[in-house]
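Presented sequentially are two complexes of chain A, the first with chain B as partner and the second with chain C.
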Partner chain A sequence: MSVAGNRSRALPRAGRALPWALVTPALGWTLAFFVLPFIAMGLSSLTAHEGGGFTLANYSQFFTDPSYWRAMVNSLEVTAIVTVISILLAYPFAWILAEQVPERWQRLALMLAVLPFWTSYVVRSYSWLLVLAQNGVINRTLIGLGLIAEPLQLANTRFATVTGFVHFFVMLLTLTIFANLKQLSPSYRKAAADLGAGPVRTFLHVVLPLTLPGIMVGAFLTFVLCIGDYITPQILGGNNELVMPQLVMMQIGRRGDFPLASALSIILMAVVTVAYLACARWLKIERA
Partner chain B sequence: MRAIVRTAAWLYAIAIYGFIFLPVIVLVLFSLQATSFPIPPFTGPSLRWYQAVLSDTRLTSALVNSLLVAILSSAASVTLGFLSAWGFARFTLPGSALLRGLITLPLTVSYLIIGMGLLVLFNWAGVPKSLLAAGIGHVVINLPLCFAVIYSQMGDHQINIERAARDLGAPEWKLLLLITVPVMAPAIFAGFFLSMTFSWDEFVISFLLTRFDTTLPVEIWNLLRSGLNPKTNAVGSLVFAVSIVLVVFFELTLLRRKPA
Partner chain C sequence: MSLKTTNPLSALKSQLAAACAATALLFAAGAAQAADLNALIWCDHADPALLDPFETANNVKVNVKEFEGTGAGLAIVEQSQPGDWDVMVIDSIDVPRGVEKGLFEPLPEDKLPLADLFPEVKMDGSTVVGGKRYGITEKFGYNTIGFNKTKVDPADMQSLAALTSDKYKGKVAIYDYYLPVIGMAALAIGKKTADLTEADLPAIKAELLKMKANAKLVGEVTASQTALATGEVDILVGGGEWVTAGLAKENPALDFSIPKEGAVLWSQSLAMFKDSKNKDMALKFIEYIMSPEGQARLATSSCYWGMPANSKAALSDEQKKILRFDEQPGFLARAQAYPAPNPDLDKKMQDVWTEMLQAQ
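Here is the complex of A and B:
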């Protein structure tokens, strides 16, 4: 295979077998194990669980059964609460790491701040159960201090789910917001100071607007990961209040109802897509 | 005023660090519990639960399975990702942007839905649940990642080195092995490492696609059914230790090259 004649071109011209031989395995894999399963899921969602045959019943079930609706509302509520709390907690923290911690300690401080990120996801949720359980660390401590007489119901609640999620996303958002703050050129702040702005005004009118696109990207990431997660709500929230992924898993586990599970998965994906389209405007700013 | 801000900042940072580390400290501390419940008061230190973990063949074989799936699926992801990144970066292909979009598309879909799709497909095709099926799923989630990492690092600098080698008469395969792979080694290694950590920790796809032989996160999940148990603390602490070693290794070998 002689390619010597191509040296004048920036990129060798396509049309040979080689470039396609390079990209086909990856494309084939994506088609076979991502696109095809998705089509299978779409078809499955349109068949009846008993006896097959075309039906829209799986979708209409979602829209007519209030308990299914409830799961979607729970998912959206939990995700919204988690996203807002995580950003509010992570932003000042990232700001402190970027502005108050001396330069040479920043790397270490940041590494420490995201260290528990590297525990296994399942184990991390279990660890919160140790903290929040009926006779867990918090209840034992509060009773020991005489602040409460009876243990508080902390585990198996929405509070527990939110706590577990916030723990994870505070770490994630601290990373992204920190990177954002460090990318800001110091000359912006100097310019603002030269023009007479105090630290508060500089922050509100210069730093915050400039980091907003980064926050939006972080918020979107939080939304997508949070709404699709099964582990944290299942371990910490329990079965008192179901979210969508739990509902999907229940269909598979309890009754082997693949069609209904497929329909619910597709509805969940549609919601994420709508959210993406709604955020697309801000997400694009980041790339520019 | 300055001093107040500084003090408030320190207090806030300490509070957040406390929140971040609280569950990890509780996990590790009570893995050393001498009695049967990982709840206060602390009765250790004792290594009995670590012994229990290491003598539990289900957990140890799940650990081996996890490593095997992680290494093999990451190797497959990084190979497919590298070849396609090279193809797209070096040659002008028709519909390139669209095809690149297709390869990175799985990044936007949650693991649960990827796992569900594969479950439905394999169920129809009569493919039994197995570690191989889970491994296939792991390549689906990690291939786009490897592709994106490697593709973003293929700049003009590398093209020039490759062109020089071509001018000197190197055949395409030699170019690949002796120039491109060594030059791209940091990106390839980063892709492999990221895939390893994601596969090592992945739960829902393995949960849906394996049955008897399974991976460590699924086996830990099965342990959770017995409620709070110091054995779960011990295995969790071990997994944490392995991850920390990997991360520190990665930090020291790869990231140190760039000036901090």
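Here is the complex of A and C:
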């Protein structure tokens, strides 16, 4: 048997093993830090807080207690509002950056657009609290202009929570939509124009459908991050209504009730999974 | 000079040596940590002005872990190894919970200044279990009405009824901790906080909902304190000296009252862990905190002020004035115990609280 012959058999085997070797660290990471904790959380959610033992009470608490249900409804409402407003603001912003700003200024413009990312999330939320407060910039300006006589209640409301979220997620969506717009070949628009389509029609029938993946990726990230966020509603919402992450934190912080917190977290994950399945077909950015 | 000039084997060896050195350093740090004092605390104990003198005098590092609420503290202990923690700050009424779980070590009474404590806050009913002392009250205060006396009529603040009156609609914040505020709601409807049962919950809930209807926000410590300090609200339900005293210099208009219906007395205790590997140092720490100097520093901690349990705390006249030290006998006579529900009632109280938070 020649050395060359051995190598010819060995190489394909090595070739087959190489991909597995390369993905093993990622698989190990996922197993250790997602799958196993998820299983532990699932088991915990089926355990009674007092005395241990199997129970479905943690789940039934959610489905039978209206104030728990309300937290999920609040979460979905806030998340939906934030996602829609963020898309409506981010798309024109991304389009201006990609289409109207000269190429050489785009990098700087993009950096300026995401500048708020550089500040701490908590600090940014508290800053909004001061801006929206009774004696804050907005109320003082409106009173100074004579538009209102008494300060509006802006802080500690759902409006404040949505504002804080939108400020953050517009940046995220701008990035994903901008990336998608930059990948779009100018040939599509030229072809549409050759076929007699005006700018509006070209946008609605060519550009928008082709940038849908960018919108959906950003929207899904917004949905996931928004529905799981505790800090913004806690700081800006004034606890005047609870969302799911606040309810989870209440179980842990107040009673050390990890089983109920686990059950609520599993339910929240189920909602995120449904959202993923609903928009899975768009969750990819392909070169157009 | 640069890595490019080093052969790969040498680079690997030097990296291995660095890794070994780092590992040795970690082990050394671990060994040093074993001799440290590990304390599960509330934020007032994290103040360097409180810890530095003890660390310097005893050549020890105090590692602190902050938590809020007994449930969270006990959850941290459950997830730790026996011996990880040496001392714990805990609501005085919850000391028996720790004893039931077999966590705490009896404290030697002869080493503690028990005779100097305000008698009303010794709380032997909670801190002594089975004839043994497991906790010592270190700090106390009131969950009552905190307010801005330039914005509200101080006379109105002498009754809990003001909290639900239309006069102050939208001017109120509620401190987001269910036990003391439920206690205040109970006082408002004429119930004693020590006698609360499940049958009282509907009336308490109705009172809480009336408070919520008047409230602009329900906030944890920082949020509620900020709301009162910045003028976002004029009244804080559940506030007290722990909110107003620390801000007295910046905002002398902030004050608190003990209304005619009474107020809820809060008190925090120190306990030592049974499995502590450093019991001598843990006891020294408790002795230090309970000393007149330690008590003064704890009472005026940067996180929040509160009354020292030791009546001989070395406070300045100005600090005593801010804490209304001389009025304590009258306040204590009107204060009622912190609600101490059993686990079942506790859960039902939290459900009532959640309903109040969700009410529109």
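By our rule, the second predicted complex is superposed on the first by the 249 of 288 C-alpha atoms of A that agree within 3 Å, B and C clash if a C-alpha of one lies under 4 Å from a C-alpha of the other, contacts with A are read in each partner's own complex, and residues count from 1 in each chain.
One rule holds for everything that comes next: a contact is a pair of C-beta atoms (placed from the backbone, for glycine too) under 8 Å apart; a residue touches a chain by one contact, two chains touch by 3 or more.
All figures in this text were calculated on a predicted structure; none of them were measured in a lab.
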Key: First (chain B), second (chain C), both or neither touched by A:A133   = both
Counting residues of chain A touched by each of chain B and chain C, the higher count belongs to B
- Query: Is A:S265 in contact with chain B, with chain C, with both, or with neither (first, second, both, neither)?
  - Reply: first
Tell me which partner A:I235 touches in the superposition: chain B (first), chain C (second), both or neither.
both
- Message: Quick one: is A:R254 in contact with chain B, with chain C, with both, or with neither? Answer first, second, both or neither.
- Response: second
> Does chain B (first) or chain C (second) touch A:F203, or do both, or does neither?
Replying inline: neither
Considering only touches as defined above, state whether A:Y276 meets chain B (first), chain C (second), both or neither. first
- request: Have a look at where A:P92 lands relative to chain B and chain C in the superposition and call it first, second, both or neither.
  value: first
Check whether A:Y59 is in contact with chain B, with chain C, with both or with neither, and answer first, second, both or neither. neither
Both chain B and chain C touch chain A at residues 129-130, 133, 135, 235, 252, 258
So, in the complex, the side of chain A touching chain C is made of residues 50, 65-68, 70-71, 74, 129-130, 133-135, 153, 155-156, 234-235, 238-242, 247, 250, 252-258
The residues of chain A that touch chain B in their complex are 1, 3-4, 6-7, 10-14, 18-23, 25-27, 29-31, 33-38, 40-41, 44, 89, 92-93, 96-97, 100-101, 107, 111-113, 115-116, 118-124, 126-131, 133, 135-137, 140-141, 144, 167, 170-171, 224-225, 227-231, 235, 245, 248-249, 252, 258, 261-262, 265, 268-269, 272, 276
In the complex, the residues of chain B that touch chain A are 6, 9-10, 12-13, 16-17, 19-24, 26-27, 30, 37-41, 80-81, 83-84, 86-88, 90-94, 99, 102-103, 105-106, 108-114, 116-121, 123-124, 136-137, 139-140, 143-144, 147, 159, 163, 166-167, 169, 171-172, 197, 200-201, 203-204, 208, 216-217, 220-221, 224, 228, 232-233, 235-236, 239-240, 243-244, 246-247, 251, 260
The chain C residues in contact with chain A across the complex are 68-69, 71-72, 74-75, 78, 170, 176, 178, 215-220, 223, 226-227, 230-232, 343, 346-347, 350-351, 354-355, 357-358, 360
